[in-house]
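In what comes next, chain A is part of two complexes: it sits with chain B in the first one and with chain C in the second one.
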Partner chain A sequence: MSRKGDRVYITWLEMRKVLLSPVFLILLLLMIGFNLFSIWSDSYNREELQVVNKIIETYGPSFNDDILQTMERDINQLVIELGGTSTQAFLEEMTYEIYDHASSEEQHQIDHISLLYTYVQAAKELEARYTAIDIAKLKQDFLNAQTMPSWLEQKMANEFDNWHARFDEIVETNEYKQWFFLGEYGMHSKLFRSHMKTLAFEGVLIIALLTALIANYEFEHRTQLVTYATKKGRKLIWYKGFASLVCSLMVIAVLFGVTLGTYFTVYDYSTMWQIDISSGMNWEYTFPYITWWSISLWQYLLLAVVILTFVLIIVMLLTFTISVFVKNSYFTWLLSVLLLLAMYVMPTYFPNSTLQWMMHYNVTLLLLNPHQFFNGGTSFMMMQYHEFSTLLLWLLIASAGTIGAIRHFNVKDVV
Partner chain B sequence: MRLFLYEMKKIFSWKLILLVLLVNLLMFKVLLEFDLEYFPNGRPAGDDFKIEQHIISKYGATMDEEEFLDLQATYEEEVAKADAFLANDPKAIAVEMDSYENFRDFDYGNEEKMAYHDEMFFNSEEDFPWVLQAYEGYLERYQHKEKALVANMKGATPAQKKRYEQLLEEEKFAVYTDTVTSNFKSYKTSMAIVIFLSVAILISPIFLRDVNAGVVPLQYSSKKGRSVYRTKWLAGLVSSILIASILLILYMTLYATNDTSSHFDLPLYTFGWDYFWYDITFLQYITLSIAVIFGMSVLLSILTMAISSLVPNTIVLIAVQIVIMFVMIAGGATVIINNLINIWYAQAFVPSVLTIFAVVTILVAGFVWRREGKRDIA
Partner chain C sequence: MLKLENIGKNYGDFTALTNIHLQFDNGIYGLLAPNGAGKTTLIKMLVTLAAPTTGTIFYNDQPIATLGEKYREQIGYLPQHFGYYKHHSPKQYLRYLAALKGMDKRVVEERIDEVLECVALADVKNKKMRKFSGGMIQRVGIAQALLSDPKVLILDEPTAGLDPKERARFRHLLTELGRDKTILLSTHVVSDIESIANEIVMLKNKELLYKANPATICHTLDGKIFETAMSFHAFNDFRKDYLTLAEKQETGQMLVRFFTEQTPKSDWKQVSPQLEDVFLVAYADEQKG
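== the complex of A and B ==
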């Protein structure tokens, strides 16, 4: 057997420990089952959401006054077909009794008209609502609320100025006038807050577990004296690391792939991939999503998956580091999950703003807030490049930890 | 006995104690702290709580016509104070809100009035807008006491309807707000989550520890033999009782800082919003909640011990516990503990779930006990 074949074979043997143990398969299936159940169980409005696709197909992805006027005329045409005169009066007079007496086809048509009308109204009101956002005031409130050292204050003021410029750009280029599911449906939150966050959680639990299994395997099965004394010996730790990485990626692919695949079969996003996340229609809470760049839905989805994948790789590396020192998978797993929890809790223990700012570079925040990626806003987390800095910082920390751990492993007693 | 103590020592190893401590520190910050630090949570909850602490001693669980008139008199005194303030506030006079009546029933379309109204509510040192609103709540609740029950009957199941009718018939009406009870509901749910996690972390390795160390064949072939299993099991049970008690005492001591003892003797129906199947007092409700959390923790530890002896290795142990913990948190704590005797769930629901949980646990544990007696140890 060639040396390269050797390497692949040993890595495969390490991976087998995960891939052929039924416990991972069962856990993965349970998690996927849970995800699919939660997608299906609240998909009651999927038909209603289709209307956006129809709007985009007919009128294009973005809107302006002309298009809205055309739409109003078209809606009015539909109303006239049903024997009404003006759209508003038609919908206001639509009582439950009248609706109930209409044929099912007519009912369908009425629903369609009412939905279209809602979207057009929201679109018409958007400009006034959107331009009323006062970034300068948000900046002032933020700076007033915190006591910061002057360099940090300057830095945050700059952040806000840049964000303000970006906001002006969105307004100027009409980037916010794009169709998206109405904010009331909370579709952005549903996808990126509920489902993506759940996926990230599940990923952490299962990846920490499989890494703990592979890394501690020899110690837990009392084979360390044999395996680490062979010719390959302690180099095996590299194969273990690599096998953990490949297994983690496989888990991510299956978990994310099946869940998101199902999500996009249940909900029809077919015309929406090019729509920007910063669309003003995508306005769920106090503010819309004012992103630092113009990012379309498919780019955002891809980037979110990539970011979470990197976070999960960081989790894998940290677990691997812990396992070399702890040598016990029970403690390894608990400690790495608790480490992530601690990252989330720690900032609340420190009222000092500089420490607060530093602690916002933490991977747990990325795990918990996929819906806020690339968003500007009123917290330390909303800084430009926050995601990249956090990933870079923690990749460095985790890699340094792993290399340190392997070096330590090369010289320590294996007993 | 000596063996028993040795086993206890193994369970309470310093590493595990540190881990459980860490879990409690972190989870306290995430879950429990909020309901202690922010109780009562802002306004009007804070005003309600203050007023209730004051009037409960006067009126007790029910309110009669005389007490209502007394409350109204107190309210009118406060209104007089507000009137005096508004009549002398130039800003109020400018927007024609020179009496409390004008302040309360104003024209919402008028922007200047709206601005002054908001200013008084959110940016002023004056308490009267909130305090009076709270008082009005109590007065209205008394005046519409039947209505709340009748409104709840709509869409209720026959059993729920019967309960509402019973309350109506026995004139058991809501007098106060649910500020105190909803806070406790949230607190006990968090408490249950933290305690379940602590018990699971402490007990999970109990049997696997010796299997991994390879000492089980030695233990089982010793003079004491397989009864070692029973000793370990008992040590596990006692440990879980110990940890659950310690944490319950700790967290209930912290809860005492919320200072809700004024409400202890009130029956649950006086709190409104939530209705319950039984007419126990708030203190009895607290005791019941603690007892159920304790019972579920002990059952969880028995289940955990069974799992610990069934699983082949730590990885499977953790995987099984992930699933069990999900069920215990999403089902056990947030459904069962949170809604113990709440009317939203059928009267028999919570007792049945608890019974099933107990029966399944005991069956699994019994199976594992018998299996342990005769399985091959090689």
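== the complex of A and C ==
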């Protein structure tokens, strides 16, 4: 067998150790099962949400005053077909008794009119709502609330200024005037805050476990004396590292693929892939999503998956580093999870704003906030390149840790 | 050829071995010492699982630390506690180890069959090992040590768990292999090596005690091993004053084999020292300890 063939074969044998592990397989199936159940059980409004696709198919992905007027006329025409005079009066007079006496086809039409009207009204209100947003005041409130050294204060002020410029751009180019699921449905949160965050946590749990299982396998099966004394010997640790990486990517592909595949089968986003995340219709809470760049839904989804994949690779590397020193899988797994938990808790324990700012470059915050990627805001996470900087920093830390651990393993006594 | 120069090993403040000078050529070497004497530490250094604190180990005049893989591919090693994958068959496990040993895949299957035949496991080569007895597992361990046809074979307590027939078969196998290999056999079962070892290495108090052929080592006790018969009552007092090596009941009396450096008494019969005697005398203080 060629040297390359050897390497692939040994890596595959290392991968098999975890891929055939009942604990791993059961956990993966449970996670997939849970995700599918939570998607289906929460999909009662999927028919209602279809209206956005119909709007985009009929009127295009963005809107302006002319389009909204056209839509109002079209809605009014539908109302007239049902015997009404004006849309507003028709909907105000619509009681449960009237609705109940209508045929199912008429009921469907009434629902459709109601939904269209709601979207049009929401769209018409957006301009006023965006005019009311005062980024300068947000900046001042943030700077006043923190006691920062001058360099950090200046840095944050610059960030806010840049973000302000971006907000002005969104307003000037009407980037926010694009159709998307109405914010009240919380579809951005449902996808990125609920399902994506769940996926991220599941990924952490299962990838930390599989990495610990692969790395510690010899010690737990008491085969370390035989395997590490062979020709490849200590090099096996490299194969274990690579096997952990490949298995992690496979798990991410399966877990994310099945879950997101099911999600997009249940919810129809067919006309919305090009819609910007900063669409004003996507305004869910007190503040709309104001992204640092114009990012469409498919780009955001792809980038979110890429960011979480990198975070999970960082988790894998950190777990691998720990496992070289701790020879028990479950203890390694626990320590990895505790490390991430500590990263989450730590920023709140630092009274010093500089330390707080530094501690915001942590991967747990990325795991917890996929819905806020590339968004400005009123915390240290709002910085323009926060995701990129955090990933780069932790990739360097985790890689250095892994290489250090492997070097340590190469010279330490195997007992 | 394996050569150890001034080998020592410390674990923190604890000294496991010190000042070991040894040389191994082709042949069978028995490493004899009680538990805790540093046998396993010495073996771990020889198979590169542990690095010496002092000194250097050479293989064909080159430090093994420098040779790395080139040295390890010459080694076959059976540890004292042989771990295995319960859900694997011997064949699957040996395939895995063959990959780690960097064996040419074209010869792997044939070689696996050969070594499994050698340890009488050919019939169960595809059965999961979780159902194997201790003796069968030990034979898998021996098979994996032989797998790459190594030049240096290091076996730590290889006969543990083997029945007498298997032990005899194993000794015969080693005798054949010892012609063109260096075999280091660690044990505390003297009979395992007495008849087959070209040389015996004995460690005591973390240092080398003897390295010589069995006859030479036995000669160190010439004129110091005796046998005598006595009553059971007298035996209780006798054993307080002398180091007894063996005893058996015979016609209502105790026939006692013992060690002494005193002038022999008239009812003592001088006998030829055996390797077992050397072992018991050498480690008498530790046995009592």
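Please note the rule applied: the second predicted complex is superposed on the first by the 415 of 415 C-alpha atoms of A that agree within 3 Å, B and C clash if a C-alpha of one lies under 4 Å from a C-alpha of the other, contacts with A are read in each partner's own complex, and residues count from 1 in each chain.
Quick note on the criterion: contacts are C-beta pairs under 8 Å (C-beta built on N, C-alpha and C of every residue); 3 or more make two chains touch, one makes a residue touch a chain.
Quick caveat: nothing in here was measured; it's all calculated off a predicted structure.
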Room on chain A for both chain B and chain C (clash or fit): fit
Partner chain(s) touched by A:Val226 [first = chain B, second = chain C, both, neither]: second
Contacts of A:Tyr349 with chain B and chain C, given as first, second, both or neither: first
Contacts of A:Leu338 with chain B and chain C, given as first, second, both or neither: first
Geometry of the superposed three-chain model: angle at chain A (Cα centres of chain B and chain C, steps of 10 degrees): 80
Contacts of A:Ala212 with chain B and chain C, given as first, second, both or neither: first
Partner chain in contact with A:Lys197 - chain B first, chain C second, else both or neither: neither
Partner chain(s) touched by A:Ile26 [first = chain B, second = chain C, both, neither]: first
Touching partner for A:Lys327 - first (chain B), second (chain C), both, neither: neither
Touching partner for A:Ile10 - first (chain B), second (chain C), both, neither: second
Minimum distance between Cα atoms of chain B and chain C in the superposition (Å): 8
On chain A, positions contacted by chain B and by chain C: 222
Residues on chain A engaged by chain C in the complex (per definition of touch): 1, 5-6, 9-10, 13, 20, 218, 221-233, 235-236, 411, 413-415
Touch list for chain B against partner chain A, complex: 15, 19, 22-23, 26-27, 29-30, 201, 204-205, 212, 214, 313-319, 322-323
Chain C to chain A touching residues, read off their complex: 44, 47-51, 69, 72-73, 75, 77-79, 81-87, 96-97, 99-102, 104-105, 141, 144, 148
Of all residues in chain A, those that touch chain B in their complex: 21, 23-24, 26-27, 30, 205, 209, 212-213, 220, 222, 328-331, 333-335, 338, 341-342, 344-345, 348-349
